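Here chain A shows up in two complexes: once beside chain B, once beside chain C.
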Partner chain A sequence: MSTTAGQSRPPAIALEQLERHYGELTAVAGIDLAIADGEFFSLIGPSGCGKTTTLRIVAGLETPSSGRVSVRGQDVTDVPAFKRPVNTVFQHYALFPHLNVFENIAFGLKERKVSRGDTRRRVTEMLELVGLTGREKARPKQLSGGQQQRVALARSLVLEPAVLLLDEPLGALDLKLRKQMQMVLKEIQREVGITFVYVTHDQEEAFSMSDRVAIMHKGKIEQIGDPVDTYRRPQTLFVADFVGASNRFEARVVERLGSGSYRADMGTLGTLDVPGVAGLAVGDQAVAVVRPEAIRTAPGFGDAVLDGTVTDVSFMGPQTQYVVDAGGLGTAAMLSPADDDDLLHSGAAQQFRFAARSAWLVAADPGPVDDAQ
Partner chain B sequence: MTEDPAPRASAAGSRRRSPWGRGSSRQLLALPTFGWTLLFFVAPLSILLLYSFGQMNLITFDVNFGWTLDNYRQLNQSLYVHTVVRSVLLSLGATLGCLVIGYPVAYTLSKQQGRIQTLLLIGVMIPFWTSFVVRTYAWVNLLQNGGPVENVLHALHLSHGSLNVLYSPTAVWIGILYSYLPLMILPLFVSLERIDPGLTHAASDLGASGLRAFRRVTLPLSMPGVIAGCILVGVPATGEYVIPSILGGGKTLMYGNVIADQFFQVGDYPFGAALAMTMMAVVTLFLVVARSGLSRVEDVT
Partner chain C sequence: MLRRLPSMVSAFTVLVFVFLYLPIVVVVINSVNADKFLVSWGGFTTKWYAKALNDERIRTDFITSAKVAVASSLISVAIAVAASLWARNARVWSRRALDATTYMRIVLPEVVLATALFIFIRRLHFQLGVTAIVIGHVVFNSAYATVVIQARLATLPISLEEAATDLGASPRRVFQRVTFPLLAPAILVAVLLTLSFSFDDVVSSLFLGGTNAETLPVLLLGLIRISVTPEVNAIAVGVMLITLITFACAAVVATVRGSIGVRSTPQAPDVEE
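The block that comes next holds the complex of A and B.
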């Protein structure tokens, strides 16, 4: 795995105690992070969480208030953007409108005084890589959004940076093109082997491409891990909510079972053995997070049962989403495959079930529940 | 009467195609402008053209409309050739001066935000609220020997003795530069302000330092403003009449003054007309060249 490579070589990017304040406002509130060479790493979080500011600090387009930035073991905190071995793909591409595709891609090579022949060869290679061969002479405004995106990518990759920074590069594209470009990006990253640091507010996008993700909240990193781990074992309630829809059930820890499991009193759901974050103590108020796709209606499934009434049915194609009023337990969401034989109807009273081991305990949020920002 | 339905049907048909009614009635809206232009621009210009081929009896002051090129041949005289050259050089010099001074001002303006930017923009335009002639006369006081400009230069030890600038081509150049500067700054500002600041960031990200990024991105993208500013300054400055009359002291004549002289002093309308037509041709040529350059750079942005 690419993450183990980081142990022998210095990390592609290392951030130490990084902070950025704008007057009273804190955009980045102390970040420590090491990104391994060749890794596809994503910074995700809601807007205003400081992810773009962090990226811009790494690019050198923003100065940190304190802390250090290193690239491949070299401190670049005081190195201006134009001398850093990192390149950025901007959210709105920022292609030069007065230059054609070829000239856009060759822009950085010219700054490095690469010879004419080498430039032609490398630009041609890049055009091939991003699938734009034959469009050399086109101006950016003659290209579609997806094509402009590819030019922006080629323009940065041609410089063979130590790290490529991508700031919500797919944000301006429609859904179908986004999915397609996600595949393209992943493929290209594998092909060139350059470290990608990807910023997005879309966790699904990040999960589908990344080796590891960091979830940011209020200028801090709440959790770092691979997508599966982050989704299945969120460390905080914020992360649990941000990385996907989740049902919450109140729980109180009654016993620590070891190996990361707890016996929890979950009110009308009974007492269940549920895995959870480390460090919960007996008597702690906690929240059991249950993913919508973990809830079923099949009789005999799982060990937790709740009685509820379907209040809303949304057919989404591959899956159907139900909103269930579970009485004293609040509302719950359930996802089931579209080919489920008996689709439930609004108003249907039903038993809904999940396995206790598919739930996950996190500490109850001390603050207001919906304090996402 | 029997033929009536057919045209009506076709009129209704075209009404459906255009919400504005038939094409011809929409064109009627242009009639006042068209009439105005015809009456006060095309007609006088035609008369001027007619005069330029006529001849004047300098004793009786009778104008003889014929088809002679004598007036245009007179332009060969060194006095007129020198005037044309001087006008063009002064205009070019003033345009260049405006560009050199105006560009940094426009650039700084475009980097400001909100109220500061508005205030600075008003500062650029405030001179327009005072009479142009009054401001030009003010330069007489400023530039004359023993005047403020001389005093400042003496105090800074940049010159000694009399300044001797007033009533010289330099004074005319300064006057044009001063008066036309806002006409250069405003289009430059507009084109600079339109440039996405993200492009400069991208340039710097790709390895271009501040100055390089300016040369390779900002400057080429501001070319529409540069050309528009040069047209706005260069064209009227070539035909400038008031500034050379006041600051040139009647010595430094520009083309506009020579034309005025022919009409008001000498009274040789045909020759004056020929001079005016020639200047129009020169300016039109300049405009055509500049416009083609403008459309080329605007195609890009």
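The block that comes next holds the complex of A and C.
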């Protein structure tokens, strides 16, 4: 895991006060970001959050309305795309249909006037790296989606860019192939040591590969951190929801306990000591986020108890998901592992429990004025 | 279920085709008819063709036609490519304006365009002749070429050019290495199409040639006013063949291009390792 702190080298990518407006529309609303050299960094968020626009600005395919972009300490804001030391893997690969695999991969080398011999050697190396040796003569159309993806990757990596930008590169693949390609991408990134900036709307994909992730919402970054921290300690309700299914319980802060914990009045759940985001004040209306996998039925477990009725059971193989009607507390979701012998049935009335320390307090949604952060 | 068409309709259709094509067949037959007065079959001959080929005026007019066709075709296609590429990045209203002028040039009666151009050229004291005819042909040819090029361009995702830029190609190199090769089949179709449109044009050529230049179709028009001589048939067949052959080439290029673009080769299944 890499951090930007205490690093003497300039960051691979630095964005300062980046904004992009399209008339009335704001795609990117002020982003500051530093991505360390060699990092696998993901930008995630729902569609329309500005992640792709941000990536395209870094690539130079889009011009920012204001702000600066630097690559390895060099300001490239006014450098045209074809002169930037970054390369992109496009969502639908954008392989050149009139060129074969070899020519596609050699495209950028030809622009740099690399000699024939060197070109052959480097393309061959790349084909080996992405596991496509022997397919030099194939046209993109004759390749499967996964193979096309590898060609797109090789075509960019062969140029040894300072940063590789990936725009939802696995979006067009089916689930099984996605999982495989995730491993391949991670392996390749470790092998070549190039900084990867990865854009996706799939938080699971981002979590499984990245050193750090930034969650974007309405053109701004809501939170940056490593996946574990982001999942366990979301700073806003939006992040809590986006990075995974979460149950919400209303809470009111009654006392600040120090070391990031609060004593909260949670209505029928009682008064509980719950960790949470910094900066909540006594009297604040908050929301306690509880992950579905933190809820159990074992007697004596945890310190929060809610009475509920199972309304839906979805068996998903390794896990079973339950939807629980918890009366005045609303509905809750629970995930239990498959080795849990006692599968609950729809209609079962039961006590559901969770540990207060597994919950997490965030400020209540300020309502429709979402831009206020 | 389709109802069977009444036999009268079929008969009528056949009749229409007979009226459309019979005269052409007659022209072809008479071009090799040895009977000088073309009233009956006098045996097979190629002497009318020989006669036409040896006629100084016919040769000059053929060269004029060819010059006009080549020049107007190349200029039109260049305009079409530039306009289509510009339109892709233009604002909606500018693009609509271009589309409007494009379709206008196709829809407006050629005689109106030719008259307007005739008056305009006279006003400017510019000479009627080959250059004027070329300008006249470019007016409609560039519109047809634009339609062909734009159709192809619409199927090319902009990401291909973005990828080329991203890989280090300057705008000029992107055009050389990606845009042009991908547009090439459409450009070829547009060239062939405009060549044939130009070659058989009468109206613009007649209005704008003045006394300085005469194209083959204009010569034909002049000749039949006097009398239909056997050579007229031979010239007509010549014009028809040249037009048909270029048009057929365009069709072949379009189909081959279509099959490359549309029919995807069977994809290897998504099996990895």
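The rule is short, and it goes like this: the second predicted complex is superposed on the first by the 363 of 373 C-alpha atoms of A that agree within 3 Å, B and C clash if a C-alpha of one lies under 4 Å from a C-alpha of the other, contacts with A are read in each partner's own complex, and residues count from 1 in each chain.
As a convention for this text, a contact is a pair of C-beta atoms (placed from the backbone, for glycine too) under 8 Å apart; a residue touches a chain by one contact, two chains touch by 3 or more.
Being a predicted model, the structure only gives us computed values, none of them experimental.
Colleague: Could you check whether chain B and chain C clash or fit when both are placed on chain A?
Modeller: clash
Colleague: Using the touch definition from the top, say if A:Arg112 reaches chain B (first), chain C (second), both or neither.
Modeller: both
Colleague: According to the stated criteria, A:Phe315 is in contact with first (chain B), second (chain C), both, or neither; which is it?
Modeller: In the superposition, A:Phe315 contacts neither chain B nor chain C.
Colleague: With both structures superposed, pick whichever of chain B and chain C touches the larger number of chain A residues.
Modeller: Here the partner covering more residues of chain A is C.
Colleague: Touching A:Gln142 in the superposition: chain B (first), chain C (second), both, neither?
Modeller: second
Colleague: Among the options 4-12, 22-30 or 238-246, identify the stretch of chain B whose C-alpha atoms clash with chain C after superposing on A.
Modeller: 238-246
Colleague: Where on chain A do the contacts with chain B and the contacts with chain C coincide?
Modeller: Residues 59-61, 80-83, 87-88, 90, 92, 94-98, 107-108, 111-112, 139, 155-156, 159 of chain A touch both chain B and chain C.
Colleague: For the complex, give me every residue of chain B touching chain A.
Modeller: Touch residues, chain B against chain A: 196, 198-199, 201-209, 212-213, 216-217, 220-221, 297, 300-301.
Colleague: What does chain C use to touch chain A in their complex?
Modeller: 157, 159-160, 162-171, 173, 177-178, 181-182, 264-265, 267-273
Colleague: Write out the stretch or stretches of chain A touching chain B in their complex.
Modeller: 59-61, 80-83, 87-88, 90, 92, 94-98, 107-108, 111-112, 139, 155-156, 159
Colleague: Quick one: which bits of chain A touch chain C in the complex? Just the residue numbers, please.
Modeller: 59-61, 80-83, 87-88, 90-92, 94-98, 107-108, 111-112, 131, 139, 141-147, 155-156, 159, 173-174, 177, 180-181
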